[in-house]
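Chain naming follows the written order as A, B, C and D, and within any one chain the residues start at number 1.
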Amino acid sequence: MPTPSAARIHEFEVVSNTPVAEGIWSLVMRAPKLAEGLSSGQFMSIAVPGDATQLVRVPLSFSKADPVKGTVETEYAVVGDGTRRLSLMRPGDTSDVLGPGGHGWRLESHPRRVLLVAGGIGITPIVSAARWLAREGVEFDAIVGTKTVNTLWGFDELMSVGVQHVVITSDDGTAGDQGFTTDALEPALAGGEYDLVLTCGPEVMMHKVADICAAVGVACEVSMERMMTCGFGACATCVVPTRSGNVGACMGGPVFDAKEVVW
Amino acid sequence: MPTPSAARIHEFEVVSNTPVAEGIWSLVMRAPKLAEGLSSGQFMSIAVPGDATQLVRVPLSFSKADPVKGTVETEYAVVGDGTRRLSLMRPGDTSDVLGPGGHGWRLESHPRRVLLVAGGIGITPIVSAARWLAREGVEFDAIVGTKTVNTLWGFDELMSVGVQHVVITSDDGTAGDQGFTTDALEPALAGGEYDLVLTCGPEVMMHKVADICAAVGVACEVSMERMMTCGFGACATCVVPTRSGNVGACMGGPVFDAKEVVW
Amino acid sequence: MSAPNMAVDLGGIKMHNPINTAAGTYGFGWQFEGFYDVSQLGAITTKGCAAEAWPGNPKPRMCEVTSGVMNSVGLMNPGVRGLVEQSGEYLQGLSDKGCAVICQVAGHSVDEYVAAVELFEELAPFAAGLEINISCPNIAAGGCAMGSTPDGAAEVIRALRPRTDRPLLVKMAPARVVEVAKALEAEGADALSVINSIPAMSIDVHTRRSRLSRPTGGLSGPCLHNIAVRMVWEVAHAVDIPVNGVGGVMSGADAAEFILAGATSVSVGMSNLVRPDSAPRILSELVSWVEEQGVDDVNDLIGAFEC
Amino acid sequence: MSAPNMAVDLGGIKMHNPINTAAGTYGFGWQFEGFYDVSQLGAITTKGCAAEAWPGNPKPRMCEVTSGVMNSVGLMNPGVRGLVEQSGEYLQGLSDKGCAVICQVAGHSVDEYVAAVELFEELAPFAAGLEINISCPNIAAGGCAMGSTPDGAAEVIRALRPRTDRPLLVKMAPARVVEVAKALEAEGADALSVINSIPAMSIDVHTRRSRLSRPTGGLSGPCLHNIAVRMVWEVAHAVDIPVNGVGGVMSGADAAEFILAGATSVSVGMSNLVRPDSAPRILSELVSWVEEQGVDDVNDLIGAFEC
């Protein structure tokens, strides 16, 4: 039989849940088995309480899984009703979470130096990637894009885990360079230092990142977002068109080899 | 134009909400305008939070409205999901309530002495009636029926407001006399002291009370329960068949002249 | 920016804004006067009335289900004469204030519909239009049974059309809507109300009995909203007469969805019952949406859904 | 008291209990093996497969609505060969453990249905029955378009009946269910699955666009449960072949409602997706209910609704 998802249902308890930037919250939950099982780039699907008419779980990446403390941390943008209700959860509140979900970052190319490219809330799995690269002893730099200075999160986290060099870009120039991550990407790749780019952010951004990498021949992995109903491969609502056909983002992804994706 | 309901939407805050007998809770809420407006035998419809799939309000009678403190008290039986969720409300929690609803006790016969007959949770508007009769200076006695001693509530309240004589009946004989309220009613009416009976309880009980009163020629008012959707006369889901046709319990009732009801 | 035009024309019924009420959830209008000034709505639709009074069905007439209610009221009504006696003066006043009064018409047979329409013609000068209910799921004859096939629906309107010059709306059942709508348009209906409650069933699994006094009832509420939006869209594409969207409207966004799908007006139903001040709130949310959309006339948004 | 008999016979498909799964919400079964032993269910129904693989529709394929989801997956599937290659061994094992494997069959035309059935005959010895999906709301041809009229539905089954001796279930659209069911019975269908998701529409009122990649999608979930119960009841009264109840089953009580309304078996759908361990929980709740009802055979409760 094909391999079923490794996801299980885990009860969790909120340890902390606080705003860390404009519209962005950081949730730390206690869920020991999940914390052990998650590998970087995977995701989890949270049953958010508070509105019994809304049954679908909210899929989120994580920035840190701490198997020792048994905790998982995620940063999320409040964009609609599910994430708004999530932001209302208080320390001690409980619910359940399904995970670990899908395929994480692959590093199949055994890179020597990695460039991380995050757009907006795409920073969450990028911070996780940074922690993991640091653990693996792979050097890395980062480009972090934000709308404006108030919506920026992740710089301190990247620094603390040992990023070498970070370029910040902002749409309005209030933080770092004015412009998009992709503006910073071309010059960064010009030096030829990188043999892998990991990226997460708006799909248009990731598409452009993928194109730029392809043009200069650098491997690229993208973390794709889709409307997910189940999160474990049963419903086919989350597919990403790839060169080998439609592939479910919740099992074959969310991380894909950028060359495989048909944008 | 015919007279619309006097009901309005009132925000309320829970003052206390505690179990007072097996399966019976007492809720005190602060809702000053409602407390001023309610007259005995009327009802209110509470929007109970906690399950967004359940939109219909829970209609409840009240046992005490205190215009000075601005509070309203009700005793309710936890019988299903709405009342279960109501029992989860904590002091300080808020929601809204629609009221006052309908017609209360009428006393149209200008009684000298009244007999109150309560079955089960029907005690709530009966305690309110007792307070009101006491205020009006009308003497009254009571028959209170309960399943068993643990589900009994209201005896102390009736005593404290000056009931002259109370007969308790219980299905299993654990409190007062074993039997039904109606077993106690016939002997009570035999003396000819009463010129009005007010009753609330299961419909079969009220029907029997009405028949007994009719047989001995004593006026009787009954407080009827119906599935209510609106509580203010707009939907016709709550009708009671009467000699003058179907009448909405939420506007023409919940209190009806027993002689009018077609059982 | 000046306030956008909200006035719409529902097949000859002039409404100063698109918000209407759903028959059976709004009594005869005056029930809501304690909560707000009803004349601010574009129209109200009164409870379906037949030529003679109907007693309706036994209790229980309502049960609550997931995100909705089921009812089996069975068109209990005071008859056209009863309506006019009890509420005629109020409705005339409402009409004088510029709120369109739509009177719903009930019947068990073509003859009964004819008799009711003739009585409305005679007694109800305040009626801006008549809504023919051929879709009540809770009566043994007439209603749903007639309104669920193109032939049955057409037969009723064919008989009524010559009896009145007033705008005739038809309240449609949630069945075969495209075929039925075309048949109704061909018979001269001026507008279509889409949809009535959906026949449904709720069983108490402990007693094995229906939670209503009849085996089935009509389902209302947000649970069916997206089904109704689809039906409005289908009907609006199939016919040239305007559509009044009905079903699960709890917010201005829900009303806007109907308008984008092709509805000229929108009826608030169950929402009136659970929160009596819903309709004016929904109206003001709708006005805000029209403003946000940057148009100066709500009519520019009717059917403006982009595929 | 000994445990009640839960085994039922769905038109020749032997199930050791009445719990089945709804096509499209259960993958090919193995997706759930991480959560529980799938063979404890009475049956599973696999994702609709056509003779050749289908890519399905573009994104977004899902949006959430009040107490439900809408999907426009469009029957993306690996084709019968793909199913057998990827999942055939697993499904054979499941069948060997006593869980009935029902394979759903998709097509855009009668010929495509025939081709798919012939492939299943050839390649899928594990199939206890075939469920013909003539009710997918998300494909341009076939599906709903064929299954919504008695003639269209009959035509498909007339062509398939001679090609297989296996039990043929038909997955019905939520439209004209009595007429369609009778037509299907007359053509030799062995059982009917009632209902597929209901065509619905959800519009983002800010962008004026559909929240799916197509204008409409299929609505699933508790929002439509009571509509489905009514349809099961109507169909069960209209035909003599057994019915599999589908729609909004989230609990044992929901399943029990279907059984009382006349269903022989019950499919769990959307509930699988939001809580992957739903089906065995629903089964155990159903067993408790049968015990509470004081019968020793679930078959005594089929259609035991009292009017």
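Structural remarks
Following the convention adopted for this analysis, a residue touches a chain if its C-beta (ideal position, glycine included) is under 8 Å from a C-beta of that chain, and two chains touch if they have at least 3 such contacts.
Computed from a predicted model, the values in this text were never measured in an experiment.
Think of each touching pair as a link: the shortest run of links from chain B to chain C has 1 of them.
Using CA-based centroids throughout, the chain positioned farthest away from chain D is B. Mean C-alpha position of chain A lies 36 Å from that of chain D. Note on chain placement: the centre of chain B and the centre of chain D lie 48 Å apart, centres being C-alpha means.
Touching two or more other chains at once are residues 66-68, 222 of chain C. Residue positions of chain A touching 2 or more other chains: 52-54. Within the complex formed with chain C, the residues of chain D that make contact are 65-68, 70, 175-176, 198-203, 205-210, 215-216, 219, 222-227, 229-230, 233, 248, 253, 256-257, 260-261, 289, 292-293, 304-307.
The residues of chain B lying in touch with chain A in their complex are 51-54. Those residues of chain B that touch chain C in the shared complex are 1-2, 4-9, 47, 52-57, 98, 226-230, 232-239, 245-246. Every residue of chain D that touches chain A in the complex is listed here, in rising order: 24-27, 30-35, 47, 53, 55-56, 59-64, 66-69, 71, 73, 76, 86-87, 89-90, 93, 221-222, 270, 272-277.
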